[in-house]
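Scrolling down, you'll hit the structures one after another.
Consider the two complexes below, in which subunit A is the common component and subunit B and subunit C are the respective partners.
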Partner chain A sequence: MISAENLPILVIIIPLISAIITPLVGRIHRSIGWLVALLATSLSFAYSLALIRSVMENGPISYWLGGWEPPWGIEYVVTPFNGFVLCVVSFITIVITLYARKSIEQDVSESKIPFFYSLYLLFFTGLMGIVITGDIFNLYVFIEISALSGYALVAMGRERDALIASYNYLILGTIGASFIVLGIGYLYMVTGTLNMADLSARLPELYDSTTVRSAFAFFMVGLSLKLALFPFHIWLPNVYTHSPSTVSALMAATSTKVSAYVLLRLMFTVYRPEFVLTVVPVTKILLILAALAIIIGSVIALAQTNIKRMLAYSSVGQIGYIILGASIANQTSMTGSLMHIFNHALMKGSLFMVVGAMVYRTGIVNIEDMRGMGKKMPFAMAAFTIGALSMIGFPFTVGFVSKWYLAVGALKADMWYFIPIILLSSLLTAVYFWRIVEAIYFREKSEKLAGLPSEPAEAPFGMTATTLFLSLLCIVFGIAAFIPTKVAAAAAKLLLGG
Partner chain B sequence: MKEHIVIRTVSRLLIPFIQLFALYVIAHGDISPGGGFQGGVIIGASVILYVISFGMEDGRRRVSESISDFMNSAGVFLFAGIGVLCILAGGAYLEYTAFAGKAAHGEHAEHALHLASHLGIYGIEIGVGITVAAVMMTIFFETARHEDD
Partner chain C sequence: MIELIIGKYNYWIYIALMMIGFYAMIAKENLIKKIIGMNIFQTAVILFYISMSKVRGGTAPIEWEHAVRYENPLPHVLMLTAIVVSVSTTAVALALVIRIYKAFGSIEEDKILEMKGDRTGKPPESVL
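Coming up: the complex of A and B.
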């Protein structure tokens, strides 16, 4: 029967098979699609937890597909690093699935709902596959699975602009993917292997080869596009603004995080830390880009009038934090960077979910119209406030924990000049979030809101409860930070070759 | 092209042979050039030829939307399902030799392992063929459809 050794493949294969059968069972009854999605993501999460527990106790797991021994066969590897990301991605996806049911009934036309869940599960399969695989070409295949289903998910938005956003995303995403596959091709050309562990053993003696270096350049550019690292971020604001609320929340919380994971995985485990730090000092370039992303993302967010777009630009800044910690590349900053992958998923996920709930009930997306919203949707706005505090980096929230690690990491590396940048960006974040918090609690109702019935009206229970749950986790893990920190520290140590 | 008697007769004559050839390509995919993808494309092409010479409505009568949707999923399901069967039989995912079971240690071990992996590959080639054929048809029907219906 199905035994524990098969867990790594089950994490992938369960959502994949569910994605295939969803359009078929969706014909029987519309809501079955959602049930299948919930079941598949929950099973994936349970298996991911089992995997990370086993990895923390007994060391890395390697799974050979089809029983073929690596480097010939495809290998799935679970280490503390990717086990952590697996758990984060599957956990956030369950919460968003619970949230999705009502939201999607409004956002997507009825006949398309089974297909929506099919794409949703495929997207999830792709993300989990990217994280778990130990084979670089398999990685590319999963990147394409998640990207292609992502384009279709974005295009499902009701507005016409969703199609344009999706098309731009398609073009830029495909360019990014082409660069990645070129890089893979170059590496295969000089080493003759596609297995990541094998590559990492063979590459050091070839570090002087131009082929290996150009492959690295291709990876960096391709992944920066996928990651929406400044200045490659232009596709992201439109995608987050025009896609269905559920998709914005899902993408903001998971897909850019997974791309960040791929970047770290390639930089530190396929190439070695000494390559990115000394042979081709790409971390210096990344540090500058990350600092620019942090500042410029926050400044542009300040100028936005549409709340979804503001959150999107704020994401551009937060991606900067993740890359900043990774490029400083010491134990503390790397822990901070990994923590921020988890923490930002919580914060941005819950913020986009609040916006989705608000759109569901009132149709308001302009910040101007949000005045007086605190009386209309008290629970959702409480969640928004917690999310906002966490984004600012208020103590006892998750945002504080990761910024603290990043700042201490920067100090330890004698890069004190990043501390003012972190502070300045926190200040800007405080400005653009606080003007909203002030508007929703302390201002008279906007005309648009005054036109609606005055009694409090929350979004359906499933949406409000999941949103509050995620935002409460922002506080829980802000206080009990030692749980994710332990895993993140182990992962950081692994990445830095310690 | 409904009025072109030559085109209609020729395609009516050719389509069965095209499809037979497609099955040949799929069936021999595991030991010779070809396989599920190529065979599936040929099946899809035969349906497209039919639609070109007999029209959309006639084509959709032969292959309705629900059938092609079902085939889209069924092929991948077959592929993934065989992988899961391998796990159930005690091997890794897609480790076909697991199908040999106890025979893998008997006196005809080599033969049994060979047969098991042949059967496994056969199964997934058929799965690939079904899905590729269905996707070819779906893409063609979707792009050929008029905007107004």
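Coming up: the complex of A and C.
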């Protein structure tokens, strides 16, 4: 029935159609909406796994939409690089869907729940589409699909400040997307093609053209906005702080990662490594921005009193790590950067899920009020501790693996001065996470917590189990690091054209 | 120089429109005016794409005995998609502004920022 050559399109079509039917079947019974979402994301993940297995064995897959031959038709491409990202995104989304069920019942009013899952699936479709497409205008369309549903998801937050966060995100996101579409226009002007593979074949002889260089500038600014790379990060803390817990976890774990993927894809496969390294040495600028993001993100995180906002600023720093590895641009650092896309999705996803569970049960978001939480929610706080250790880069956690690759990569490139930056940021991370871990376990209960019943009360099973599962994966992939490393190394090799 | 200004005047208009829109998005306090700025910004992109496909004396790409040269239809088609995106973005933005007005009682950014984080005010409206 489902033949293997149609897998690339099924990954996109299934969540897209489910997004349309979710509000309809939600009318029958509201829990069906959730079931449809779970089914759609699970199928997408299963197909992504099938795709990556096939790619690792038989080489890249190209799918022609409607049978039109590229470069005229739209092409979907799966390589080890984007197959890896496809699996990460769909896997994290399944875990968060399982988590969403209870959390959303509290965050969103009952009649809106089917619509929530509809937007949720559209958002997921957009992300998967961005990753799989081989056509640059199609990329823009998918960016807008995920962004538009993202704005609505953020606006579903309980506080009214969520609306302002969503509005600002919309304005900045639109500027970013318009810059991207301008960049596409400039490229089309000189090459007459929209297919990424075709572009990368035609661009090298045009590297001296001002048009191609302006296009590149537009892409860099537009994507930095989408990615929330310092200093374009101002929309991110508000969005993560005010959106529903599920949405914070989903966005932190997937959407900035996908934007990072697009940046890498454009820098290294549409333009070539020699362009970004020598013709227009944008990597030098990115290195500085990444270093600033790492340091400033950590310092601002240190000053936060709201835990969600602290995690958001910590994300700004972690995005810096991903860009740092990509800009050093040797095999080791690129592997580290790709690993960090996966690892940070695990860590930040689980940390935001812990916060969501805590908000669900106690309504606490201030770090000050978290004192003594270890006795109230032991499992959730265990997950938090693992996540925190992993963020710091403690050995045997995923955070250590990617930081190790980044540091070794920096050394190999004779950029030793990034090692103190990585160390300093790890130290700052240790400070701002450890003060929380200490407050959770070794302090008297805060007034707010003391007012609640004293016996342990975890969030519902679905939420606690998925949170613990994700944080245990932080350890599993920290020890068995060779599994993702193998894929990431193959992807890095591909990106660097080796 | 003259050739650069007059011969490519549509590109200059595109840049001017884009800057007007950009300015409105950044400098205006009123949330609706920001959306208007956003629309001007997106329209500028459309003008840019259409200029790029224009061929002097070109006709629509259909077979016709008098046709000498054709205009490129692809940018036009791409802009159909961009118009759809622009309409949806505007719709979402306007919907948000309505809800902001209901929750804050104002659409002036400076007034809203004063109220932001202040939970003693009017309670937030039910979601959506």
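Everything that follows uses one rule, which is that the second predicted complex is superposed on the first by the 498 of 498 C-alpha atoms of A that agree within 3 Å, B and C clash if a C-alpha of one lies under 4 Å from a C-alpha of the other, contacts with A are read in each partner's own complex, and residues count from 1 in each chain.
Note that a contact is a pair of C-beta atoms (placed from the backbone, for glycine too) under 8 Å apart; a residue touches a chain by one contact, two chains touch by 3 or more.
These figures come from a predicted structure and were not determined experimentally.
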item	value
Clash-or-fit label for the pair subunit B, subunit C on subunit A	fit
More subunit A residues in contact [subunit B versus subunit C]	C
Touched partner set for A:G67, first subunit B, second subunit C, both or neither	first
Touching partner for A:E444 - first (subunit B), second (subunit C), both, neither	neither
Partner chain(s) touched by A:E274 [first = subunit B, second = subunit C, both, neither]	neither
Touching partner for A:E368 - first (subunit B), second (subunit C), both, neither	neither
Contacts of A:E159 with subunit B and subunit C, given as first, second, both or neither	second
First, second, both or neither for A:I171, with subunit B first and subunit C second	second
Minimum Cα separation, subunit C to subunit B, after superposition on A (Å)	7
Residues of subunit A at both interfaces, subunit B in one complex, subunit C in the other	none
List of subunit A residues in touch with subunit B within their complex	1-2, 5-6, 9-10, 13, 16-17, 20-21, 23-24, 27, 63-67
List of subunit B residues in touch with subunit A within their complex	66, 69-70, 72-73, 76-77, 80-81, 83-84, 86-88, 91-98
Interface residues, subunit C side, partner subunit A - complex	22, 25, 31, 34, 38, 41-42, 45, 48-49, 52, 74-75, 78, 81-82, 85, 88-89, 92-93, 96-97, 99-100, 103-104, 112-113, 116-117, 119, 124-128
Residue ranges of subunit A in contact with subunit C within the complex	108-109, 112, 115, 137, 141, 144, 148, 151-152, 155-161, 163-164, 166-167, 170-171, 174-175, 177-178, 181-182, 185, 188-189
